[in-house]
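What follows is subunit A paired twice: with subunit B in the first complex and subunit C in the second.
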Partner chain A sequence: MGIIPQIIANSIIAGAIYALVALGFNLIYRATNFFNLAHGAVSVVGGYIVFGLYRLLGLPLWIAIICGVLGSGVVGYVLEKILFLPLRKRKSSQMVLIVASLGAFTIIQAVIAIIFSSQFQTLFDSSMETKLYQIGGGIITQVQLIILIAALLIMGTLAWVKERTMFGKMVSAISDDAVVARIVGINTNKLIGRVFFIGSAIAGFAGIMIGFDTGLEPTMGMSLLMKGVIAAIVGGVGNIYGGVLGAFLLGFAENFGVWQVSGEWKDAIAFAILILFLIFRPKGILGKK
Partner chain B sequence: MEYIIHLIILFGIYGILALSLDLIVGFTGLLSLSHAAFYGIGAYAVAVLSTTYGMNFFVAALIGMSVAAVVALMIGFVLRKFKDDYYALASFGFNVIAVSIFLNWESITKGPLGIPGIKRPELFGFVFSTNTLYMILTLALFALTALFVWHITKSSFGRVLRAIREDEKALEVFGYRITRYKLAIYVISGALAALAGALYASYITYVDPSTFTANESIVILSMIILGGLASLRGAIVGAAILIALPEALRFVGLPMDVAAQLRQVIYGLILALLMLYRPKGMYGEYEMK
Partner chain C sequence: MWHCEVNKLINQFVTMQKKIKTVLSIIVVALVLWGGYAMATNQKGLGNQTITIGAVLPLSGDLAVYGEGAKNAAIMAIEDAGMKDSVKFIVEDDKGCAPVGGVSAAQKLLNVDKVNAIYGPMCSSEALSVAPLTEPLKIPMVIGAATSKTLSGAGNYIFRTIASDSVRAYAVANYAYAKGFKKAAFIFDSSQDALIQEKNDAKEAFMKAGGETVLEESFGAKDVDFKTQLSKIKNSGADVIFVGAFYKPTALIIKQARQMNINVQFVGTDESVDVKEFFAVGGNYLEGVIAPAMVKPDTEEAKSFKARYKARFGIDATIYTAEGYDAMALLLKAIKTEGLGGDQIKAGLLKVGNNYPGASGIITFNSKGDVEKPAVVKAVKSGVFEEVK
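So, the complex of A and B:
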């Protein structure tokens, strides 16, 4: 077995997880036009809810996962209602919104660490059988295969919602011009609340998947968020297809980069890519939508 | 008494950090999240030069400040085009890269183990051995910094910075080379942060990468936002409060790790609540627009 197919497999898995984070981030950015830094912590919430319900309380796995996804969605929704919506109503600047979301991020991360300790935890337990699949010379685990399929399903559904449903079109209208959207009778704040719920729930799902694949740590939210944001910017901020493209590109760049240098440089590689894109192509590959 | 002296030394170090960050965020209006990187450069310069090469603290600190200035010049050059959210993100990225370098350049920085056994400063045969003497040194350098920063903000240079913050385009019409001003203030601010880092390294006598993460940048940002941007009094009072407030948690008798996390919750709450109710902070001259 060559090493290249394995790296390709790893890149695709990483790309799928980043894509989920980027999707949620982009959805929220499209509707509100600000960088929601709390998104990373919201994602981790999902993973820890599953950890608490499934590993600590012993509830069935599927219930835990549903609660985790919904829990992240609710946290995102509540943040919008108590923090971001009042700020937007006051026509606060982007800087104020970013700082506020940074505050929310810090609080959530610390609260998770207080409840579950800062230790590294994994959702995976020995009772789950580890089936390995060999695809084109690379080996992936069953968990990774599930991540990949689920991610593709979510992306497909989202694309369908965006293009084919009234909800998707209304969100596009808000992102084009919120004032006009309001004039033609769209209840923008209600819609944005839902967008926060959906985007956060998707992020929560990503957090859960990481919990199974590599494990959970309260502080992983920041790096997760940054991967999502970088994927979004590389692909084109607010462009949901761009975000997915950027995520896979990032997954490949990181994994091949790590192969060439060392694992410790992963985050630095991601940021180097971000900075290169910001300098030479700030609109991303597909441009802003 | 030892404990009070310890707090005063910390206050002096963070006072320098807060004042220097305020030059960028408050006076020039650029949301920098890279301050801890320069703080780290100063600390590592003193750590490496004084342990491996037995160099005098003051010479090492000056070298550290120069290195920080050169690095700031390069980073500032990349950052010159960005504003608001992109500026915050890119500067954050540089902090992550800096920490990766502290972690991975093991031949110089000893990686995650850090560098112990840093000596206390010595001047013409006089050693700042006790904490009381060290406090005097720290406060003296803090006062010098405050004076220097005050001088900058009162000068014509400082007025140009404020004008950049208020209306960059108009200033450009008048023929000001805005990039040069932005670069200059970034370099000055980075060098001052390195001075704080030098003081920190020599006081704690040990450095490791975890002290200089982007989280630390957020802590320093919280200080100046709490005190109020573009106000020297604000930066100093903000630093004092955020040093003193979490210390109160010590006396409640919480376990160490919970107290550390509660401290993070406090920082996050301060950021979020201030944005909601008083974005100007305590003495702010400039409200983030």
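So, the complex of A and C:
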């Protein structure tokens, strides 16, 4: 059996994880036009809510997952209401918002570490059986398959919402020009609050899935965020399809890089791609639309 | 009438203000005097040989498992020596055993706290980066971990109560070869010097025994996805895979390999042995994994240490605690016998560290500050490491 099918499978799995992070990130960027760095930590929150409810308190898995997704959504929503909204009202610059989101990231990370310790934890219970699927010569696990399907489903749903619903059109309107959107009667702050909730919930779902696939660590938010942001920039910041495309491109580049060069170069490859795009195609493959 | 009342009130207010001023000035004077007195007595205390020992340990991140144990062991050694009041023990977090964190922690301890000796750091790469700071000041480092052989030559004031990895790497590689494995692949964390050296030693031993190395793969310190390296190893036809990593990546690598239907023998390092978090990460996938370990001595000192540690902290003594306990106990004995200066501590350690019956076994420092201790091979059976022959 050749090695290439498995490496393709590995790339797709990595890409799907990055895509989940990039989707929520891009959605929030679309509505607010700022880089919400707290997104990485919000993702970790989802994983730890499930860890607390399912592994520590022994609640049924499905309840824990729903609470994890909604919980991260709420954390994102609250951040918007108590932090970003007041700053926007005060007409703070993008830079201030980014620094504030970095502050929120650090606080959330520290709180998680205080509550759950900085120990590496896994949501995966050794009593759970892992089903393996063989697809075209590559093996992937059940969790990884769920991640892949979920990433594509969420992308499809967001695209449908954007094109077909009033909500989607209003978000596009804010994205194009927030002032004009307000003039034509869109309640921008209410809408941005909802966007934060949805984007953060998607991030929380990503964190939960990563907790099942590999494991959780309070500090894992930064590398998740980095990969999500690189995927978003490469594909086109604020573009739903772009984020997913960038994520898979990144997954393939990293894994083929590890195959052909060496394992230590993985992050270097990711950031080299970022730099190349920033120089030669700053709007990303698809651009913002 | 009205005018009079108002004047009275104003007068009262003015006298009250004066009183408040007087009280405030008394308080300020008292504070200044007290501060000066405290500083003066403190100065006297320092002159009076307060022993200041600084620790550089990983207390956050996933290596906190090692750091917490080492910290507890040191505290226990200080208490056991009856020096709780005369030793100032300052613990600094090196944030994950990284050289950057280690160096800034050591700089703080050396420049601000003016420590007499450093306990730690636990990782070899980090100890190698800290040595250039401590050596010119003749500040000894006593370590119950940091197992790379390269550390032996890094300074004149470095003492380790743990044997270098070579002996364990040789033991496990020879064991694997004797069990009939002939083609080895290596996957290792290239950010840690101890793990690189251990991999090199295991490889050397395996090839000397007659085995073949089919592939070497590396990864970075923070990686959690090893599937592509494992795909290459699967394709290489290896029948045994040596994993050179701390417990978390080791468990993740084995788990991911099993999930990719890689069903060959895995060999870990002693960094995972008897670490319960190793099993929390890898679960049932870890059955059958072999790893080298330090011999747990069956002596009175070892048993008593284990029991007292459990009684004191409520948890089992984990990896590196017995070694850490011995390191701190010997350091205190050395200071008691010879004195506080760098050269005095060094002379003291060489003197007391001679056939010393420690919790981790017999300790005799050679001229490089190293010890020699035997190794065993262990295998995972129903979720615990058991010695195999």
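FYI, the second predicted complex is superposed on the first by the 288 of 289 C-alpha atoms of A that agree within 3 Å, B and C clash if a C-alpha of one lies under 4 Å from a C-alpha of the other, contacts with A are read in each partner's own complex, and residues count from 1 in each chain.
Convention: a residue touches a chain if its C-beta (ideal position, glycine included) is under 8 Å from a C-beta of that chain, and two chains touch if they have at least 3 such contacts.
Keep in mind that what you see is a predicted model, and the values were worked out from it rather than measured.
**Student:** Would you mind checking whether subunit B and subunit C clash or fit side by side on subunit A after the superposition?
**Tutor:** Result for subunit B and subunit C: clash.
**Student:** Thinking of the overlay built on chain A, is A:Gly156 touched by subunit B (first), by subunit C (second), by both, or by neither?
**Tutor:** A:Gly156 contacts neither subunit B nor subunit C.
**Student:** Is A:Ala113 touching the first partner subunit B, the second partner subunit C, both, or neither of them?
**Tutor:** Both: A:Ala113 reaches subunit B and subunit C.
**Student:** Spot which of subunit B and subunit C makes contact with more residues of subunit A, would you?
**Tutor:** The partner making contact with more of subunit A's residues is B.
**Student:** Which partner does A:Asp267 contact after superposing on A: first (subunit B), second (subunit C), both, neither?
**Tutor:** both
**Student:** Contact-wise, after the overlay, does A:Gly137 reach subunit B, subunit C, both or neither (first, second, both, neither)?
**Tutor:** neither
**Student:** Look at A:Ile13 in the shared chain and tell me whether it touches subunit B only, subunit C only, both, or neither; answer first, second, both or neither.
**Tutor:** After superposition on chain A, A:Ile13 lies in contact with subunit C alone.
**Student:** After superposition on the shared chain, which partner residues are touched by A:Gly287: those of subunit B (first), subunit C (second), both, or neither?
**Tutor:** Neither partner.
**Student:** Could you tell me if A:Pro60 is touching subunit B, subunit C, both of them or neither one (first, second, both, neither)?
**Tutor:** Neither subunit B nor subunit C is touched by A:Pro60.
**Student:** Using the touch definition from the top, say if A:Phe105 reaches subunit B (first), subunit C (second), both or neither.
**Tutor:** first
**Student:** Which subunit A residues contact subunit B in one complex and subunit C in the other?
**Tutor:** In the superposed arrangement, which is not itself an observed complex, subunit A uses residues 113, 117-118, 262, 264, 267 for both subunit B and subunit C.
**Student:** Which residues of subunit B touch subunit A in their complex?
**Tutor:** 31, 78, 81-82, 84-86, 88-90, 92-94, 96-97, 100-101, 103-104, 214-215, 218, 221, 225, 257-258, 261-265, 267-273, 275-276, 279, 288-289
**Student:** Mind listing the subunit C positions that touch subunit A in their complex?
**Tutor:** These residues of subunit C touch subunit A: 60-62, 64-65, 190-191, 217-220, 222-229, 231-232, 234-235, 248, 252, 259-261, 277, 280-281, 283-285.
**Student:** Give the list of subunit A residues in touch with subunit C in this complex.
**Tutor:** Within the complex, subunit A contacts subunit C at residues 2-3, 6-7, 10, 13-14, 113, 117-122, 124-126, 130, 132, 139, 141, 214-215, 217, 219-220, 223, 255, 258-259, 262-264, 266-267.
**Student:** Where on subunit A is subunit B touching in the complex?
**Tutor:** 34-35, 83, 86-87, 92-100, 102-111, 113-114, 117-118, 222, 226, 229, 233, 262, 264-265, 267-268, 271-272, 274-275, 278-279, 282
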